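Look for chain A in each of the two complexes below; its partner is chain B in the first and chain C in the second.
Let's look at the complex of A and B:
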């Protein structure tokens, strides 16, 4: 019957003999005793000495036991101070009053020491249990506070990284919880030097900080490589390799990556493990699913990773819609999934393309799903190139070491053409020339146009007229991939020459290929309309560069860029 | 059993629990009881009777004064049912019962002091 630890027990009893007797019994059981002769006395003693347990007579002068019990319970707050009423009350009504006043048990007179000891022990157990519960609750609350604080810090750091992008561009609309990151959802967008827009919607496995940590390196690769002019395949390979290297085996990132080209009016897509995205052609109303064809990022080794993308034509006003699985996996009260079919119904009912995201959100609410914070949606529309203004690049060097008189020649052969994209390196080299920085967008567009013309029409012998309609467009890129895989020989040469002219200078770019050439005269006859899908390259080069010319039956292209004295 | 005044089992249990303080307990009880009795005599209304009788009942039962406890219980019931005539009769019985047990407790006290 011995308690583990002696308690301090307050005995409130107006009858001196009873008080004496009870004190003696309790003391003999090893506890410390405080006494009070009436209720008010008991409340005072409790306030000053905070006993663990109270034995309370119901009928007392000055303040009865019921009122004293109420006041003591109030003072005790969340701590459980068990109150055992000492009573010869027998009517159930009176016993109920004790309970209402906060009593936890009764002890009938005449006192039985054995029963009293058992009750004290039981109440002490209860008291300790409550104390443990409170302690653990506070611990959980503290941990929760830590967690929220960690998330706040992580989010603040991440927002700095993520917001270096262009999510606020006028052609992007998105819905995402501010804490989506901690459900692994990730949305990034940035312009490349040519003014094309790269968009990534990703979904890491897991929840909380573990799901968020992978987002940082992924965002850095995305922004770094996009800004330097790398295309989707190289960026994807690098992302995959990096995630594969740093993430544990059971962590990976489902992702859809887009490259929207406003000049070419096309979208390049890679989907690894995300739900179908949709390419919405406004003219026909058709929504083409952009289906996952790959494993998520961070699963395959760099050797087995498949960076193959698909390219689709777009018209001005067409939209690409991407979503995270939180949308279709939203559950109603009966554990039913929202599902793709309900999403399609929202598409069908949609009249105003601009309100689609809100309509989906409403449909999710109507479906009875709780607002989940892993519901991410983004819609990117194709605008006229002129409607967007990619931010100017910021350079940190002084310009003192600017190279002004040099030339360089490169020859990229078959094995290199298959996997390597030389444009970012060439662009970086050229942007060491300060005078060219103001026209880096045009420079990159022209370089990439000439390079892809040389590679696709020259080396690979693809027919640009294939791209005249949408199905031909898809066939064109299919053939491009097949021929590139099978490529044995051939080359693309790039000659760069920078010469000072007065206080400014001139860059001459020459791109040659090993292909069959093309009918230059016919290509140049086409008007500079810039709207058709095929043959756009030639007019783009002529619009953005100066003195564009073709020789050697189209196998050699030449274009110049001039700059004046710098301010 | 109706004419038993003190329960010897209760007394021996008390003696065991209280040890050296047993005589003090007996003395305290007697002093306390006198207060209770004077409270009862002064009581004017039913609820006063009820409370005083209730308290007295509790301490008497603790001290093994079984007949006194029983009379207090009856008094408490009468007060509850407002049988004022019976209260008068019971008060007299309680007075005389206390007059009987008082010397018994004193004798018990002397015994324990000398023992």
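Let's look at the complex of A and C:
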């Protein structure tokens, strides 16, 4: 800053001799000089040539220095154009007037070149400082504008992705702060081919775009695998492996995944790192916490990841409520957290289940918390299966290569049964047959029912009557996990046969297992539409498929699907 | 200094203490506390949270970075003196499966 860059300096002075003297001094200091003989002249010159600094006589004809200073400051706007008043005035009141009119300093006549040079230098420093501040302010404003725009675009793209699922289904209610995604919150829902609903509420570490980047790959896995009929464990393993692979070590995603089965009236839950969710039984009013039992997604290696889920029975009308930590971590003015206890009080006070989310939102507002941008809540209720209509799948192939006369047999042995879910592959194979596509939901439901019967009651020897009440239900799934872990031998065989019949065709599915079988006659005696928790499998198969029959003392199940000529 | 690191006399144990809110603002300090010039890492690390009032998810991320830096699954990291609030946060995330928490 020592070597002053030459400035353009306007000298407004009505006395020609003074003007020349001053011009001479200023020029000798290396600056360029513009001159004006009165205030109006000065304003004109300023307008045309925009000098950096003005030396202004106070008393001038036509327009005095005070008025000229005001007008020049107005013209300069945000830019600092320092005005130094030249004055022989000495009363303090007059000097104060100079500053009030917008002057930045004054210089007493007669002129002292050393003081003048020092003042010009000081004013130039101020001028540059102001310019830098303005420039930085504009830069920040521009960056902010860019950032908001990027977020708008990213949000628009992501909203499309998130809403390609079934968040608008009649049994889902949710509340999310508008930019929750940019605080890492993610809410997804989709139907699987059997009409079960998968829901994910996730919360990535961190804030802003870095927290949002993991959302796309996670959503991709979620939708892709749900649509193909994969269960929660396989989907979770894939999500975890993918996030572990792409995210930096210190980033991960807390998540709760649900699979709501309307046909089995149950919910399967995996919670890794999210606050307790709640399963609300409407009949008893009980709220069962769905507690985090796992590390978040993206922390553990695929080898050590734990995909074990819990299964709970549900009655029609029961609800599952999930929330992100933004809800309970909302702070009031004194840094007090909203907390789980206050949330419980809202639960207790709630009379109308349908207004719960709004009541929690209101409670957060009443709590005086800063409105946080990472508040997400979702409530999913169990409806009668018939009340929901999963969207039909859209196929893009021509149908010319559709296989119509074939059979295939599979045998899945112990080591495979432990970890592998063959249903998505079988379903994909069968959906190559165009005639079966219209009933893909029923087909998948029947296949998964027969497969899980063969595995759980056959190979693992689990007693389905355990599932008669809620506590037995939990025991059943505990035993299932234990026995599956310990499984050494056993098999499930699936035989598929597709034959053309007239212009349509027929699929025969046979599923056999290595288990002890069951009392077929007694199972078939039960009414078709019981609301019991156990034994629903058999009646479901009989309702959805045709000519269902069991042989070999229950170890072999057979069911058919027909289709007519395609339009 | 809100993050301090102290090496035991035999050089085998590093104790990192965090004061106040343990959140993203401590990122650099925390990393500096265990990244040593010689690139060597003491056998065991103790993270002392006696004076930590709060812990957010980015702090959990920092603990994961520390774990990764000191050998991942072979690391020996103890998190000690955590308050009940802090312990709740560690419990929800099930970090006791990765760290020895007391």
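As a convention for this text, the second predicted complex is superposed on the first by the 553 of 567 C-alpha atoms of A that agree within 3 Å, B and C clash if a C-alpha of one lies under 4 Å from a C-alpha of the other, contacts with A are read in each partner's own complex, and residues count from 1 in each chain.
The rule we apply is simple: contacts are C-beta pairs under 8 Å (C-beta built on N, C-alpha and C of every residue); 3 or more make two chains touch, one makes a residue touch a chain.
Source: prediction; values computed, not measured.
When the shared chain is aligned, chain B comes close enough to touch A:88, but chain C does not.
By the document's definition of touching, of the two partners only chain C reaches A:252; chain B does not. Within the superposed three-chain model, A:62 lies out of touch with both chain B and chain C [touch as defined at top].
In the superposed model, A:109 lies in contact with chain B only, and not with chain C.
After overlaying the two complexes on the shared chain, residue contacts for A:209 are found with neither chain B nor chain C. In the superposition on chain A, A:25 makes contact with chain B only, not with chain C. Look at A:273: by the touch rule set out above, it reaches chain C but stays clear of chain B. Overlaid on A, the two complexes show chain B and chain C touching no common residue of chain A. Every residue of chain A that touches chain C in the complex is listed here, in rising order: 203, 205-206, 249-252, 254, 272-275, 292-296, 299, 304, 325.
Residues 14-18, 20-21, 24-25, 28, 57, 59, 86-89, 109-111, 113 of chain A are the ones that touch chain B when the two sit in their complex.
Note for the complex: chain C touches chain A at residues 24, 57-58, 60-62, 64-65, 68, 73, 91-95, 97-98. Residues 10, 14, 17-18, 21, 24-25, 28-29, 31-32, 51, 54-55, 57-59, 61-64 of chain B are the ones that touch chain A when the two sit in their complex.
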